[in-house]
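Next come the structures, one after another.
Shared between the two complexes below is subunit A, which has subunit B as its partner in the first and subunit C in the second.
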Partner chain A sequence: MLKAEILLAALANGLLTGAVYALIALGLTLVYGVLHIINFAHGATLTAAMFAVYVAHQTFGIDPYLAIPLLAPLFFGLGYSLQRWVIGPASHGDDGNILLVTLGLSIVIENALLAVFRSDTRSIEVPYGFEVVELGPLILSLPKVIAFAGAFAVAGLLWLVIARSDIGKAIRAVAKEKTGAALCGIPVGHVYAVTFGIGAACLAVAACLLMPTFLVNPRIGNAFVLVAFTIVVLGGMGSIGGALAGGLIIGVVESLSGLYLGESLGQIGIFLIFLVVLLFRPTGLFGARA
Partner chain B sequence: MTRLAIRRLACGPWLSLAAAALLLAVLPALFASSAALNFLGFVMVIALAALGWNLLAGYGGQFSFGHAAFFGMGAYAMALLQVRLGLNPWLALPVAVALGGLTGLATGFLSFRAGLRGSYFALVTLAFAEVFRILANAMAFTGGAAGVLVPLRIGAAQFQFADKATFYWVALGFVIAAMALTRLVERSRFGAQLVAVRENEEAARALGVDTVRVKLKAITLSGAVTAAAGCLYAQKSLYLDANIAFGPWISVEALLAPIIGGLGTVFGPLAGTFLLLGLGEGTKTLLATLTGSAVPGADLVLFGALLILAVAFAPRGIMGVVAGAAARIGGAR
Partner chain C sequence: MLEVEALTAGYGGIPVLRDVSLTIDSGEIVAVLGANGVGKTTLNRALSGLIRPDGGAIRFEGTRIERLAPPEIVRMGLIHVPEGRKIFPTMSVRENLELGGYARARTRRAANLDRVFALFPRLGERRRQLAGTLSGGEQQMLAIGRGLMAEPRLLILDEPSLGLSPRLVEDLFALVVRIAAEGLAIMLVEQNVVQSLEIAGRAYVLENGRVALAGPAAALRADPALERAYLGM
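Take a look at the complex of A and B:
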């Protein structure tokens, strides 16, 4: 039998990791909610952001947390441009095409990173990398606690933008009825691109929060992206609250199945949830309708 | 013979296939180096996988992102039936192909019954492939992370060919058979129903097409053909591990080749594979000579860019470009 403390520690770690998963899933669910497409380049964009954090730290000596205000706008611009000038025009407005174009983008980004950085796994060293926070019987890694808080802060900010700002109103209008929104004078192409940009900016923040404890290699995005898909599907496509809850659930499931099934089978729990939800409840736990 | 008659013959549904088969069969005479023959054999394996994908996506409009599930099922079944049960590979082959078809039927049953389409279907197939990859990587039966080695027993009776040209001809036989199957499907009632599902599923159902059944038939055939490619791969390399057999690379190549070659055409997958792998090899060699060392991923960057360009500018692929050019020449005359 496993001791209660080990179980508790696994739970807490699962929640901490889950919050970052949720942050990664936020961008994906937002893009899905507005454009009704799945962005297959999401994982590769995350990898690119993680390498950007790596380069910022190794070359310019910028702390990963201080890189947030630099990289978030940079990746917003990147996401905006990709949607506005590559994905949009190349797909001729067809959903199947968007799927293929984003798949193509993910292949290009991932392998360009491979060509430049090679397949070595890299990590950065920060002075606080191994500091811990003691919380009752639990000993938690400080960077992971910061990432947990950061993920919730970004989710709150995102919710504020969507619920309160003008661009948020435009995004919601386009998500509901794009033809109607266009007739009201909302520039749909611009709103699509802004949504994509926000998604990419979320990834940049996630990358900054991840790098102090995670490692990076050109294929790392794949490991996250299926997890993010699972969260999005579980939480209900397009739901921000759903993504947060889904992320935490998945983090705990991964941690617990890793504990009980061992490292190599740990991820299988995630995929099984993914398949079961997709096959039997495609609207997710919190989704109202398909 | 008049020009018209010649053209009618050349464009005949079966004659063009026979002509292509003849042309491809003499290729080893032109490219006799070991590297070239190895490349040709590999092209045939990928083309076969791509032909399988094309049956489902090209004709039925169901874009799978996880055909590695079928490829890997075929490859692992072929290898494990020989290694674990001592079956002759010629007996293992039909079993492995049938298992590939069954895997297709099972995944199709689950996802089509749940009404999944578009990006949902793409995601679910991707997840199935990943589940298989993780399982094959973790189970002792499949050799775990160390993979499976098929013992070297060269001889036609063992489906192992010392001569690379012979392997190429055998693989070519499979490819031509799959193309003939595609042609048969295209000209059948089932094929017409499949295309109707691709063009407009609701309309097809309204006309009385049992859309789930049609899609199930297509994914079963598709899985079986791609599993056959896996079998060939197992016999070609005599070694498998989960990241090779169930890896995302094969899902991507099986999808790229038909899109670049021409979706929903008999020749598209083969033409696309030749172009894709040819360009890939070319880029790798060029970059290696320019920079003095191999640049990993360079060929895949090109593949991804080609996918985007094909979707943007040539939605009907090489076959579409060729048909367009032919029509223009014909029109100018």
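Take a look at the complex of A and C:
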């Protein structure tokens, strides 16, 4: 039997990683909730954001955390423009086509990154990369603690925007009743694009929080998005609270199964959970019953 | 106020409406009648910009609107309360109403909210309740209230009596008369011929996507051709 401290440390580390997973899942679930499609370009967008953090650091010497106020608006604009002027028009008003267009887009982005950066795995070095925070018996990595707090701050902010602001109400209206929203004078195309932009901005923040401890290569985003997709299904498609809870659960499950089964089998637990959820509660923990 | 001229509209190039012309003046209640499937909803969708007509012209207060998007048409004051209500079920009554003033009359939202609550006290009592939990009649009131939040100049009511009890339909139509008395024009699109003709000044009867009959409501009520057109005999 393992010592309680080790178990506790694994739990804490799982929660810390899970928060960033949740942040990545947030954008995915939001886009699903409003446009009712899975954005297949989500992983490639995350990769692009991670490379953006890499370039900002290596070329311009910008700290990853200080890059947040630069990259979040940049990626919001990028996501907005992609949906408004590429994905939207290319899908010819058929939601099913959007899915295929995002799939095509992900291939384009990935290969563009591959052409520019080659398939090398890169990382950045920051002075605080190995600093730790001591919390009772726990010794936690400082960048991971910052990532945890950052992810929760973004989730809280997003919840506030969706619940209270005019654009948030418009987003919820379009999500449930597109025609009714259009007849209220809500510009549906603009709302779609804003939603996509918010999703991309979440990824930019996630990339900034990840880079001090993770590495980047042109395919890294897919690994994260596969996990994020599991979180979205676990939490309930389209549910923000579900994405948060799902992210933390998945982070803990990964960490614990890594502890018991060995690091290389850590992700097995995630997909076991995925199967169990699909079998017994296909609408997810927080999803509406079908 | 509204002039529809030789309008042809449909889906995927197959016309549902053919060569429909009609006019509505300010302050009028005009009924557009017809059985299921004669093109009433297609007409409304074309007027509010949800579909692009294949031919003809739509003028609202002198401006051509047949190529405009729904938000632009809403901003001009042509408000369409759709068939099936299309309210936002997971949002509160209050939020539903606020969204009615999203594109127009935004600065007067608070005053308009009070006005709608005065007109529909039930909505005021239930302002915090989720719209999806309202009864059918209350949901219809909410859909109309949401339309009024935009201070319409022309209000299109698409099948407002659908699914309501005869008693509720009577209350609803009395309210429509009250709303019209405030000076806006109302286009009442209905299958409910008898009661619609009681409150409308004029009416158009659609049959197979064309205007089959038109005239003052009083004259149409007495016209045996109405029954023929309506029943398709």
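Simple rule for what comes next: the second predicted complex is superposed on the first by the 286 of 290 C-alpha atoms of A that agree within 3 Å, B and C clash if a C-alpha of one lies under 4 Å from a C-alpha of the other, contacts with A are read in each partner's own complex, and residues count from 1 in each chain.
Simple rule for what comes next: a contact is a pair of C-beta atoms (placed from the backbone, for glycine too) under 8 Å apart; a residue touches a chain by one contact, two chains touch by 3 or more.
No experiment lies behind these values; they were computed from the predicted model shown.
Peer 1: Which partner does A:108 contact after superposing on A: first (subunit B), second (subunit C), both, neither?
Peer 2: first
Peer 1: Using the touch definition from the top, say if A:218 reaches subunit B (first), subunit C (second), both or neither.
Peer 2: In the superposition, A:218 touches subunit B alone.
Peer 1: Please indicate which partner A:100 is in contact with in the superposed arrangement: first for subunit B, second for subunit C, both, or neither.
Peer 2: Touch partner of A:100: subunit B, not subunit C.
Peer 1: Tell me which partner A:282 touches in the superposition: subunit B (first), subunit C (second), both or neither.
Peer 2: A:282 sits against subunit B, while subunit C stays out of touch.
Peer 1: First (subunit B), second (subunit C), both or neither: which does A:119 touch?
Peer 2: In the superposition, A:119 touches subunit B alone.
Peer 1: Using the touch definition from the top, say if A:172 reaches subunit B (first), subunit C (second), both or neither.
Peer 2: It touches subunit C, and subunit B stays clear.
Peer 1: Looking at A:268, would you say it contacts subunit B, subunit C, both, or neither? Reply first, second, both or neither.
Peer 2: It touches subunit B, and subunit C stays clear.
Peer 1: Subunit B or subunit C: which reaches more residues on subunit A?
Peer 2: Answer, by number of touched residues of subunit A: B.
Peer 1: Once the two structures are fitted together, what part of subunit A is touched by subunit B and by subunit C alike?
Peer 2: none
Peer 1: Per the contact definition, I'd like the list of subunit C residues that touch subunit A in the complex.
Peer 2: So the residues of subunit C in touch with subunit A come to 48-50, 69-71, 74-75, 79-82, 85-91, 95, 98-100, 102-104, 146, 150.
Peer 1: Can you list the subunit A residues touching subunit B in their complex?
Peer 2: Touching subunit B from subunit A are residues 37-38, 40, 86, 89-92, 95-97, 99-101, 103-115, 118-119, 218, 222, 226, 229, 233, 264-265, 267-268, 271-272, 274-275, 278-280, 282.
Peer 1: Quick one: in the complex, what on subunit A touches subunit C?
Peer 2: Result: residues 166, 169-170, 172-173, 176-177, 179-187 of subunit A touch subunit C.
Peer 1: Show me the residue ranges of subunit B that touch subunit A in the complex, using the header's touch definition.
Peer 2: Subunit B reaches subunit A through residues 61, 63, 65, 110-111, 114-116, 118-120, 122-124, 126-128, 130-131, 134-135, 137-138, 145, 248, 252, 255, 259, 295-298, 300-301, 303-309, 311-312, 315.
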